[in-house]
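The first chain written gets the first letter, and so on, giving A, B, C and D; residue counts start at 1 in each chain.
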């Protein structure tokens, strides 16, 4: 079956989703969701291994040779993204079983898992495909199910948040499909590798440039780049905990991947950084995102919202790496996709544990939890330190490459902004840590340590964000290879 | 060996946590670990003084940048001081914490052990990255100690403490490190430095400035605020901060950067450190002046530390063999002098509950041992021969004269006078004037009751006071130990 | 509306034609415009019409909600399942040539099957969504 | 002739779109949306995209209208006045529209046989479909076989939409007890 790895990647959750919808038993559906997620990770790792061994893996769906048919095409870049999504899915899905039972009505749980699996399918489908229209199709799958998942949060505000995301997300998707359409009109092809060959002939046309713009804006809406981030904070704050953890660690990451794919593989680095001056467009946006959103995060009183704003700021780091327009910068971007997924996942999951016990993510509710829920808060501390970028955590590794990339380009102020923003991160993380550890507990005794079903997955990510901070060699090597692939255009 | 020097305190911390139900066993474990650690550091010293450079690679988080331990003279010196004073401080802590009935004692010993482990990491850091890692760990592990009381005041102080230390280290030190890596392609500490020929012109003083201010633990003004703020901590913690680990880690890091990253020769050639000698000089004088105005004993001692630390920074910035050697020696001698003073301050608080200098009239009668130790410590810090402090001061003075900086020599002299002015009145007040409440003309009340601190405290503080005297024989040895690094640099 | 004789009779007469048309659209997809998607929509529209005229309960007796829900899921499984079968037969995913000796026959079977999957899902989904809206409206008023 | 029909249809389409935006009665909006779909379907037919036209008519004008009406039964007939003036959205829409127009200026002419869309993969579809797949309708062979995987994806999209609707609507029964909607909204959301 190893020949079919690329398609199996998507097939596992895709087949499991309708089965979940057919099931009546929440337990069976949950077990199936976990199994499918684990299968996803296994396939992703196998794929990464194969890409390492043989280079690009291409799979012609329906036996139609690309560009006639749809091609699945995996190189270092998407193998890496697939591993990120697979990792998060396989950690979050067991967490989901424990957390969803308290947040979602029992009868709806099988459907909830179906939606989760569909969302996973969509994200993986975007990452694995080598066909631009196929990207759009799977983008729709992931988006629709993500809206539904977010709406499952408790309280009415989850509904408005989901609706807002739906509107902005649909606009983004429309922009992307317009861009794809224009590209098709100009080249007659939908295959990415094919497009990369055909596009240079028509680089000069206005249509291609407009297509570039539409794709860019569409992707930036999806990845919540400032100032197109407005949907994100509420969506993350009001969604069920497990959904927040999952989406925060995967959805925006895949959107970033989409942007990289469109801009660097299809259009190519020379066009993006040369003709379109992408680096100069993105740099100010990234810097403003980093600085302003970190400041906004400092002001939040709801910790989930705080983390959500921090996510927008972190997306700024990711985009900043891209705007450095160098292998080092892109290494930082790709590393941070993984590293941020680990730490933000751990943070949101720790918050989920808190919400599970005390029903609130307000910062005042954290008082004294350092003693009442020591493991939960310790996981939060680890994730928080990583967010700040303390050495020996994953956050440090990506920040290192980001600063190195900035200095290599001689952009000193950029390096300084990155460092100062880490201090803002320190401020907002430390507010929570100090409240949890230094203030006495004032609640009514509900706050006891979270059940192992929640705690274990949380700690897997927390531990991983230390492990990959201490032994970052393999992740850095992979990210660097992927960055080279991106800079060189079509992977070979 | 090197690995053990890190693992041992961590293991100690674990056993402390495991033994939390039995205070006696817990403290025994603490003491035992401290003793064992000192023994290990002694063996490392033996190997290094024989010319060895044992090293150990732990991990390689980022390709080309590893966490590596390597023992070299400067580090061994720092490790010796820290591990030895850990034993004494543990003894003192037992008396102090029990005498004061402090809460959360397990947490206290636990993080103390972690802090020592971090300090060992700083001491034996084989490259800048490792130094940075353990430097940050040291900030984080000492945070719970500084905020031990848990009051709103302690929380505020903790915020200042962590805020300044992490801010400077992330904003300046990390930037300097990445910069160094970008130009030199390595972060290893090397004899003679790694930057020579890689940077030039105005970049050199700027980079050096980033390092000196980035190492906030060295408390160069205006980044010294955290040190007085951290005075809310229990006294043994203050001892840890001022003498054993934290500030010493700071000035130690400055020395290391000077010697192994820039290289003395390169610095001297580039003249990059001149402006920083004046910053250090200003800190020396201003710190002393502020100390004069403080009535609170611990605050006065804190500013004294700020001032004294800049001696070491000054030594480093002079970029000469004598300067570096004197700075290194000053780490040791000041550690002993200042820890004596802090132990005394703590003892006075435990026994008499007095914190202000003006309350200490006649205290010499009820606490003769403590005040005698205080006198010794004070004299040592002032630099009166034959006490330990005189040796390092002498070297530093020599270094300033050597480099022809008469003004800097004058700074040292003035500072010494200021030291006298803010330290000596305390023992004088204690011994020569009458206790409060006693009427001026009243005769001796016959039985002045001795009211000393708990025995553990007394033992510890007498020990370090004696150390101040004994060290005169060793200070030269420390200087000798440092000779090879400076000499090889051709200074 | 339920009491309107003409509408009732009209709906009764039209429905068979709609269903037939849906099937025509489905099977004629190979030759002219149409296919599973359109057919599914038309089929669902037939039931929607019946529900509007005869009431939701009456239609749900014939076509219970669980059945519509099952259809929605099964269609996807049918489509994806065809791919799995071709994979098991040694071809790539959705390589219909595997379904018969003659590639053209294989393609034909494959297209027929997957279009059927589309029909089932679209029909199930449309019916289900209609039920949900209509059902809620009924409850509220 | 075709041009005339096209222009008429486009004009009507534009008028309908404007009316859609202006009208506040949701019932009218639904009807207009149906009209809009029907007009688009007409346009698609004029452009020889009968398959698309068929789908648009069935879905856009047909079942969507029914579903919209179902939704209207839940939310009432009148749209609340928006609280703010929609200046920013208007600017965004104007800029987007202008960009699109700018982009289309370099588009190859409609129906030009030399267009890239008519060559490259399209050649293969037209020439080889009957041999490789053997059914007359090339659109179907592209949708169901050459790009069958996309169709599977679209089927999944439809399914995902249903899952979403079911999650939202199934079983959320309204209790006759005092509505928790308005009163402690903030508290409940925390």
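To be clear about the criterion, contacts are C-beta pairs under 8 Å (C-beta built on N, C-alpha and C of every residue); 3 or more make two chains touch, one makes a residue touch a chain.
Remember, predicted model here, so these are calculated numbers, not experimental data.
Seen from the Cα centre of subunit C, the chain whose own Cα centre is farthest off is B.
Simply put, of A-C and A-B, more C-beta pairs touch at A-B. If each chain is reduced to the average of its C-alpha atoms, the one that sits nearest the average of all protein C-alpha atoms is A. If each chain is reduced to the centroid of its CA atoms, subunit A and subunit C end up 36 Å from each other. As a whole-number value, the distance joining the C-alpha centres of subunit B and subunit C reads 80 Å.
Computed from the mean C-alpha positions, the centre of subunit A lies at a distance of 45 Å from the centre of subunit B. Taking each chain's centre as the mean of its C-alpha atoms, subunit C lies 20 Å from subunit D.
Residue numbers of subunit C whose C-beta contacts span two or more other chains: 69, 72-73, 76, 80, 83, 93-94, 96.
Residue positions of subunit B with contacts to 2 or more other chains are absent. For subunit A, the set of residues that touch two or more other chains comprises 14, 17-18, 21, 61-62, 114. According to the touch criterion at the top of this document, the contacting chain pairs are A-B, A-C, A-D, C-D.
The part of subunit C that touches subunit A in the complex is made up of residues 69-70, 72-74, 76-77, 80, 83-84, 87, 91-97.
Looking at the complex, you find that subunit D touches subunit A at residues 99-100, 102-108, 115-122, 124-125, 145-150, 153-154, 156-157, 159-161, 163-164, 166-168, 170-171, 181, 185, 188-190. Considering their complex, residues 4, 7, 11, 14-15, 17-19, 21-22, 59-63, 114 of subunit A touch subunit C. Remark: subunit A residues 385, 388-392, 396-397, 400-401, 403-404, 407-408, 415-416, 419-420, 422-423, 426, 430, 434, 437-438, 469-473, 476-477 touch subunit B in the complex.
Per the touch definition, subunit D reaches subunit C in the complex via residues 50-51, 53-55, 58-59, 62-63, 66-67, 70-71, 73-74, 132-137, 139-141, 143-145, 148-149, 151-152, 154-156, 158-159, 161-162, 165-166, 169-170, 173-174.
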